[in-house]
Amino acid sequence: MTNILPNLKYTESDEWFDPATGKIGISDYAQGQLSDIVFVEILVAAGDTVEKGTPIASVESVKAAAEVYSPVAGTVAAVNEGLADNPETINSDPYGAAWMIQLEGADGSSMMDAAAYEQSTASRAH
Amino acid sequence: MTYIPISPKERDAMLATIGVKTLDELFESVPATHRFPKMDLPPALAEMEAAQLLGELAGGNENVRTDMISFLGAGMYNHYIPAVVNHIISRGEFYTAYTPYQPEISQGTLQAIFEYQSLMTALTGMELSNASHYDGATATAEAVNLAFAQFRGKRAKVVVSPSVHPHYRETLRTYTQGMGVTIAGEDSNVSASPAALARFIDDQTCLVVVQYPDFFARIFDYTELINEAHARGALVCVVANPTALALLKTPGSMGADIVVGEGQPLGLPMWFGGPSLGFFTTKKSYVHKMAGRLVGETMDSRGQRAYVLTLTAREQHIKRERATSNICTNQGLLALASAVYLSVMGREGLREVANLCYQKAHYAAEQISQIPGFGLCFSEPFFHEFAVCCPRPVAEINAHLLEHGIIGGYDLGNDYPALKDHMLIAVTEMNSKDEIDMLVEALKEASHG
Amino acid sequence: MVNPTLEKVEEKKTVEPTLFELSSPGRRGVTMPASDVPHFDLPESGLLRDELPLPELAEVDVVRHYMHLSKFNYSVDQGFYPLGSCTMKYNPKINEDTCRLPGFVHTHPLQPIETVQGNLALMFELQEWLKEISGFAAVTLQPAAGAHGEFTGVLMMRAYHLARGDAKRTKMLIPDAAHGTNPASAGMLGMQVVVIPSDARGNVDLAALKAECDDTVVGMMLTNPNTLGLFDENIEQVVKMVQDCGGLMYGDGANLNALLGIVRPGDLGLDVMHFNLHKTFAVPHGGGGPGSGPVGVSARLADFLPEPLVGILEEGDDEQPPFYGFVRPPQSIGRMKAFHGHFGGGLVRAYTYIAMHGADGLKDVSQYAVLNANYLKARLEKVYKVPFDRICMHEFVMEGRFEGADIRALDISKRLMDFGFHPPTNYFPLIVPEALMIEPTETENKDTLDAFANALIAIAEEAKTDPQVIKTAPHTTPFGRMDEVKAARELVLCCWLPDNYDPEA
């Protein structure tokens, strides 16, 4: 069963954004689709400014590859440095330890809420 | 219908199953105006005739085993290939298999590649090897792709030593023409020490490329240059001759980030230039940016040790336009040949080959340098090749040698205007003392004009 | 036999030790003769390595090791290998002999050209034959493989536009069914890849194509027949639309085995195409390479071909053959690799193959390749869903799944191994769910095709009666399914001599 946290905002391309902390990652649904993740590379550094749609990370699993895009504009306050050494965390704890970057001054109010995202993922199931 | 095992009767039954009357009916989606073109090709030959024709074409060459004595190297070398190599790669189980995408029925190929990877890391002193690239030149170009990707395109300068093989440098320029990469250092003085290259390395440099032994077979310790490059944040690729690595300090121990090279000396024929293989070895930290296939160890559902193609999501069939390279194949069968060669040669045999090359080249160099008008171009230690300055144009000298059944050295003036009238002479274990003495005699004659 | 689960296994069972595990100190394979020249000292020890950690084995150890390994491989010589888009046809034995003739094997690429006229004549004639087969104006033999040929082609397309001062073209149009190498080739040159969808008949969607055709188009990379095995019914319109906006038309020659003597891509107006000599012209696949990927071009791209080409330097006459040599096209993109291409393993075999077929023989190849594919499709389409109901070319794609059963294309593929067959390509093209892409080639007889169809029909029956036997397949192969996650996570990519190995012992 796909886990969708109520306090987060989401995108059609399966990123999540936490309005409280400014953190960004990929959803439980996304990690399930990718299956076992073996590589992650964060493409931005603290201090960079990102736009909505800027690629922020690259993820590879045993069978697929995906880019992660920033769902919102902002300034990178921090990146999760330890994630690259433990890419499997994205499978085990997508909303917690597997956050990718943290933004300052980002506004996620136009993003999907949990209910809308649940519908989105349900409509994509074949 | 040379290799088509279907009788007319079977064909008609199959057409009936499909629901058409003739073979031609299967092609109605092809525009009628261009359908079934006439092709002006020679009439089909029977196998016997083809064997004769190909025999005539092969006989139209002067080969360097039975027809001529050769002192030509410059990137491809006439080495002895033990009989066992050809016997093993001629097994249909190996040469008529495809890429091992189905590991349950491809463990032969997979373990052979895994062992090839292991042998190459042992030889170069690096942490890992991929399953091979097309040749030494394209492997060098792929090193640029790795470094460029490693810095995400933010460092766009490549520093290339002028004593890297001219074909490799040309290939590197072709490969990078759409990447916005600048290449520096190529035009610097070939007589300068490698340290002179350091002045080209800056904080925009992603990769420094040197050759070991270099194109003139000179042996340099690149440790200092590598340290300088690392201090400026750049990676270093060493293009190495694998035979020489049997004797010489490994590029890995000098701190190289990437070691590539031409695998032909490891049991592959020269075959007029290919196919051969390009080996590619690097450090674990760069594995995700490395192009090419990679075999890793795992376990099957029965608890057996086994091997699979791994980290495939890096490659073009999954990553498509975001892949580091578009490469799809590796030189599978030739990687197998090199692994067989290295395993029958072993640590002693390969050292013997390298030592024979070294001894004979040094004997030839000593003899040639005593001929009036000839002299060694460089004073550094060298491996199995050496540059000689000549009293006359190289083309004239080589024409004279050819009359004596000798293929002379490579004309360095082709690629290095400063080395006009210089010849690069290669000597391997295949050249006997008598052959070397014949070369020396013929050069003596040639020096008189 | 009980199959232990992965968790229960504590130590991996070794089926065949590695070369390194087989090594024994002091054992020798090949020995070299003693030196016949006076002794010279090696360079100072600072330039030398201490240890060379290679295995030590006798020749018989090596032969048995590789013979054991060979038994774990499936191969064309052993059986049917219907991998879609790979053209796993039978590799005639005569080609193995011709490519190993000493005159080919022991020639150096930089020998004086007067000593290699046989090689150069072969290369020149092969260039001419490939031109005649494809309808192109010029051919380079240099590219080492299909993807290398693609890269060559895309480099030439870029150079052509730049030479005309047209620097704004950055967009490469690529159909959704394309091989990954197409977008990767364009990506290597920093081009923007625009994906063009397929229409309901499996052709390029003309409306979608039209919407993208503008003055920023470099060109289009089209595989025809496409990876669904379908010949594009609007090919002439597609070519015209791309060329009318100033773009160039690239043909991916991966599927040329359907077109020999059927239609020449050059006649359809294509500007550039790579050949896969290891598919169409029976060069063996070698367990993943080497390939050989010559490229043909239309007249307007001929000046951009990579160097060197083989040309006639002096015309021949009644007495003398022509004198061949290397030439550099005036606006050449440069060199794609060292030396002159995959001569021995690629060009000599392909030359032998074409010489033995002639024009009619090559047409037979494609006609029977298409016959075999349509026959298999006809036998299977009642049991498996074939998404595009048309006459196919040399291959077709069907869905590897059944209504109401939890069986995937991968499971069917593994189960086919138990029936003694290599599986088809699976999960490609991406636009067909659970794709099974089947290319029988012309070198299979009706009995083999029937046996393969019967196996797939039997598996469809098993999906109803005993799905577990499919889910856990293969059962009869020497190895079972692999733990791919373990391989990628642990990343053991090489082995060494054992820790306690003492070469001096």
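Here are some notes:
Think of it as A, B and C in the order they're written, each chain with its own count starting at 1.
Basically, contacts are C-beta pairs under 8 Å (C-beta built on N, C-alpha and C of every residue); 3 or more make two chains touch, one makes a residue touch a chain.
In this text the structure is predicted, and so the values were computed from the model without any measurement.
Of all the chains shown, the one with its CA centroid nearest the global CA centroid is C. With centres defined by CA atoms alone, the chain at the far end from subunit B is A. Measuring from the averaged C-alpha position of subunit A to that of subunit C gives a distance of 37 Å.
Inter-chain centre distance (subunit A to subunit B, centres taken as mean C-alpha positions): 43 Å. Remark: subunit B and subunit C have CA centroids separated by 19 Å (rounded to whole angstrom). For subunit B, the set of residues touching two or more other chains reads 311, 318-319, 322.
Within subunit C, the positions touching two or more other chains are listed as 484, 488. Multi-chain contact residues, meaning those touching two or more other chains, occur in subunit A at positions 38, 62-63. Remark: subunit A residues 38-39, 41, 43, 58, 60-65, 67 touch subunit B in the complex. Against subunit C, in their complex, subunit A makes its touches with residues 36, 38, 62-63, 88, 126.
Partner subunit A is touched in their complex by these residues of subunit C: 433, 484-485, 488-489.
Subunit B makes touch with subunit A in their complex at residues 152, 288, 311-314, 318-319, 322.
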